[in-house]
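Next come two complexes, and both contain subunit A; in the first it sits with subunit B, in the second with subunit C.
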Partner chain A sequence: MKTVGIPRSLFYYYYKDLWEDFFNALNISYIVSPKTNNLIMNKGLKIADSEMCLSLKNYLGHIDYLKDKCDYILVPRISNFKNDNQTCTNFWAAYDIIKNLFDIKILNYNIDLEKGQTLKKGLYKIGKTLNKKPFQIKRAYKYAITKEKKRLKKNHQINQNKLKLKKTKILLVGHPYNLYDELIGKDIIKYLIKNNIEIIYSDKFNPKITGPLSKKISKDLYFKYSKDNLGAIIYCQNQINGLIFISSFPCAPDSLANELAMRKIKIPYLNLVIDDSTSFTGIETRLESFLDMLGGKLND
Partner chain B sequence: MKDCYLGVDIGSISTKGVIIDENNNIITKAYIWTEGNPTNAVRKLLDILKQKLPKDFQIKGIGTTGSARKLIGLMLKASVVKNEITAHAIGTLTFYPNVRTILEIGGQDSKIILIKNGIITNYAMNTLCAAGTGSFLSSQAKRLGIDVEKFGDYALKSKNPVKIAARCTVFAESDLVHKAQVGYPKEDIIAGLCKSVVLNYLNNVGKGKKIVGPIIFQGGVSKNKGVVKYFKEILNEDIIVDENSHLMGAIGIAVLAKKNKTGHTYSLEMKNIKFQTKAFECHRCPNSCELLKIYRNNELVDSWGSKCGKY
Partner chain C sequence: MTKIAFPKMGDYHIPAAYLLSHIFPNDEIISPPNITAKTIEIGTKYSPEFVCTPFKYTLGTMIESLNKGAEILIQMGGGCRYGYYAELQEKILEDLGYKCKIINLVTKGETNIKRINKLLKQINPKFSKLKAIYYSFIALKMVKYMDIVDDYIRENIGFEQIEGSFENLKEEMLVEFSQTKNYYSLYKTYKKYLKKFHKLKVRKPDNRLKIGIIGELYTIMEPFSNYYLEKSLAKHHIEIKRFTNVHYLLFEKAKKAKKYQKYAQKHFTYNMGADASDNIARCKYLCEKNYDGIIHIKSSFCTPEIGAMPIINKIASIYQKPVLFFSFDSATSQTGIETRLEAFYDMLEMRKEK
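Entry: the complex of A and B
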């Protein structure tokens, strides 16, 4: 029986549940790399080119961890979702970068809606590579995609409920692979929760609703994930106390999205850029003062 | 005996101390260089303050702020430990209740604080990059062989400031070297440098922020008359620089210490207190956390840096 390795970084945070449901339904065994730790990150930093963004460096560290622990490593190429919805270049290039840097077997599929390469075709390809019968793949795909749609709806509902709460609410804007990563965003989330803040995650909204709203900030932006993030800001800007924009250094789409939002949004705004040299002391100073400001504590 | 309150602001470049009375009047103050050793700097600072403080005052509260606030907070057993943005805003509001914008440039940080009706409405702080802050100015002063305190006077002499890239200090520095090598006079280069600090500030932390008067400029760099001049010119607004503009953080934290009384009386005597930090790396898991243990009189008071919370 072949084992598939899933790096816990980048794509994982968009597709983890879908992939796991799909593999479980097909009875394929898989392993996920552990939560990022310093060993993984440092390995990634060593392998990576200095110009790559922190998140991609981290991804390489996870691949390195998995390279001799499984038969295949799952590395998709996600290029675009049609109609001016491109992903960042790292999502295009990940497959080629990995192929050049590592001597491993890669399990790959493409998402390129402009060329008609859909998620469905992608997962069918994977099933076929792993020697599954078409009827099995069809059943597994249906099972995974139904659950995924339900999950999307539920997450959106949870966020909407949170927006109605009377607590201090902060919209955390960023890519899920940064927000939920153990070394990149986790400390920030922990700090906010400790201070009794209700966190609303930008990636948990339904992109079909938030994506088009980004037009209010920019009509020309063509990065899908940035559009979703900006849309989420527009969607809830009147119901939150402030927003924190987290990005990894030097993320190109984020540097653009952040500038656009910062100039057009009129609520308290904090931008945090995370790099491998970042100590939490600097971040803590910014978070603490940001919360002081939202709480209006100056006057007591 | 009269009550008074001590505020200590330990920045990357300088350490500031202020003692205020019940009515926020400054009784004594001190300003020294940190020189990379915050605990030593604070010992020196307290010695100076102790000599200056009249005998009929007793200290009823201590607050610390600045980048070494936690460490020094433990050392002095401070009653309040707060970030410098809040401290600066409170200090300024104590003397200028009508202020709308605070521009602040310190040793490694720069920030802008927007205030409406005495409440902070928004602020921004430089991100990863320390471009255009005090440490850049002092390193360039060393290169030009001039005391950084005299920068302002040189800048005011110039009629024709050179153009220096304002985005990034690495580019700024190569611009600077180039301009010096082709023979521009020192005062024009220094004036250009001061102008680039202003442009850099407005492009980085000031972007998208509406700057309305009254504007107060503070932090160590506010003592530089050249930078003040270019802020005035570029913003086309009057810029207020308080005589104690470099001490506002310390004043703010002293005001906070006054508000958070513990009833305890503090001493400025630090000679008998042994304060040590020990650093080591834990190898129990792949995270390899860098840990720092802090001892006060050989007793472990805190340890930092652990991800799992074991220490």
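Entry: the complex of A and C
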């Protein structure tokens, strides 16, 4: 029985449920690396080039953790979703970087809609590599994708319901691999929840709605995930009290897209850039004053 | 009458100014001012914190040209986030109180004639399309000739007998290029100067050092942003090989992508954005062609190149070739670069003697 290792970073936060459903349906055993801890992060920092973005360094750390614990490691390559929906170039290069830095077996698929490489083809390829029969793969794919669609709808609904609440609401703008990472964004979320703030996540909206909305901030933007984030800002700008940008240093799309958003929106915002030497105490101080400014009540 | 300006990159402002002045004879073309320390200071001041350095350079030149009275700015983008510069730069300039329009001819490293036509109409709706096509042809040829001459200069300038002979002749040539009337006269000048260049005396020793320069396109093509790296190499009598130039980006890149991919398929599978995968293949090429060393340069935070660096490093270690990585920022000091270059050069000499 082959085991697949899934690093809990970057792509994981976009596809975790889909992958898990797919592998469960195919009866493939998999392990997910633990939540980021200092050991993993430090390992990543050591392996990575000093100028890589924090999230990629973190990803390398997770790969390193998994490298002798499984037969395959799942590293997709995601390039674009057609019609000016590129991803960051790190997403294009991750597979090749890892192939060169580690001596491991990689389970890879490529999403490049401009060249006709779809998610469906990718998952079929994975199933085939793991010696599954086509009819099994078909069934598993259908099962995973229907569940994924339902989940998307549900997440969007949850966010919409949150927007109707009468609490202090803050939109967290950032990539999911930063927001939900244990070392990068988790502390910020915890702090906000402790202070009785309703958090709305920018990545939990339906991209079909938020994508086109982003045109109101930026006409030329072609980074998909940044587009979704900017669209989310427009979508709920009248219903929220403030927003917090969270990005890892030095994120390429964020450096331009967030800057443009900051110059165009008229809601109070806080820009947090997380580095490997950032301490939460510094961030805490800034969050505190931001919440003070918003008039939110602080629990002492 | 509108005043048109564009950012500077190497000597390419000459064909660009030539082209624009012929398409829009009634408008004024403002040649970009030379980049100085001041330019970068201005650019850095108004740029976002961790944007890559070309953004700061181009923003700096834009502000300087606006101070000179420019109204329309032309920008071109590459395949990475370079393609998205224009929109943010326009907003920054607007916030600073400048009234201007930025026209972005290329985004995502792609463009087509329809788009260019539409954009040029915004400058002056009455421009003649026939003229535009004819002069674009001449300007593109000019770029090609410049690149060919530059390649020759790079190979030989380190071994010139009379100091400055190459540079002086090149300047002469560029002046004559900018005054070309038609394609025929351009071709004749090019041939004339090519002959002159070949006649310049050089003394090339057989055991000369050969270095290949690869890296991010803006830094590689704008000598000020790489602190005149090629010049300092030439001073050490080194033959230089460089692949990236405008002609390559416009005409060869698309064709060569597949070839490069096949050539270096052991090292990378997918396109990694901008010139990253090209550079990996070039690194392999330089190693196989027995160059003495490789210098990889980029502006800091250039994401595609950062991804390519570990792979380039690996290829170099397979072939046992030394690589020097430079990451240029607005805060880089000239002395630091010189020291590292000196050490690199000494190391190459020592390897050669062995």
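The definition used in the following text is that the second predicted complex is superposed on the first by the 295 of 300 C-alpha atoms of A that agree within 3 Å, B and C clash if a C-alpha of one lies under 4 Å from a C-alpha of the other, contacts with A are read in each partner's own complex, and residues count from 1 in each chain.
Just so we're on the same page, a contact is a pair of C-beta atoms (placed from the backbone, for glycine too) under 8 Å apart; a residue touches a chain by one contact, two chains touch by 3 or more.
All values derive from a computational prediction rather than experimental measurement.
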item	value
First (subunit B), second (subunit C), both or neither touched by A:Leu272	first
Partner chain(s) touched by A:Asn27 [first = subunit B, second = subunit C, both, neither]	neither
Subunit B versus subunit C as contact partner of A:Ser289, first or second or both or neither	first
Which superposed partner A:Arg263 touches (first subunit B, second subunit C, both, neither)	both
Which superposed partner A:Asn38 touches (first subunit B, second subunit C, both, neither)	first
First (subunit B), second (subunit C), both or neither touched by A:Gln157	neither
Touching partner for A:Phe249 - first (subunit B), second (subunit C), both, neither	both
Subunit B versus subunit C as contact partner of A:Arg77, first or second or both or neither	second
Which of subunit B and subunit C A:Gln136 touches, first, second, both or neither	neither
Chain touching more of subunit A, residue-wise (subunit B, subunit C)	C
Shared subunit A surface residues [contacts with subunit B and with subunit C]	249, 259, 263, 273
Interface residues, subunit C side, partner subunit A - complex	48-52, 55, 80-81, 83-88, 91-92, 95, 104, 107-108, 267-274, 276, 300-301, 303-304, 306-311, 314, 327
Subunit C-touching residues of subunit A, taken from the complex the two chains share	49, 51-53, 77, 79, 84, 86, 88-90, 92-97, 99-101, 108, 110, 218-223, 249-253, 255-257, 259-260, 263-264, 273
Residue ranges of subunit B touching subunit A (in the complex, touch as defined)	67, 70, 82-86, 89-90, 93, 118-125, 127-128, 207-208, 259, 285-289
List of subunit A residues in touch with subunit B within their complex	37-40, 249, 259, 262-263, 268-269, 271-273, 275, 277-278, 281, 284-286, 288-290, 292-293, 296-300
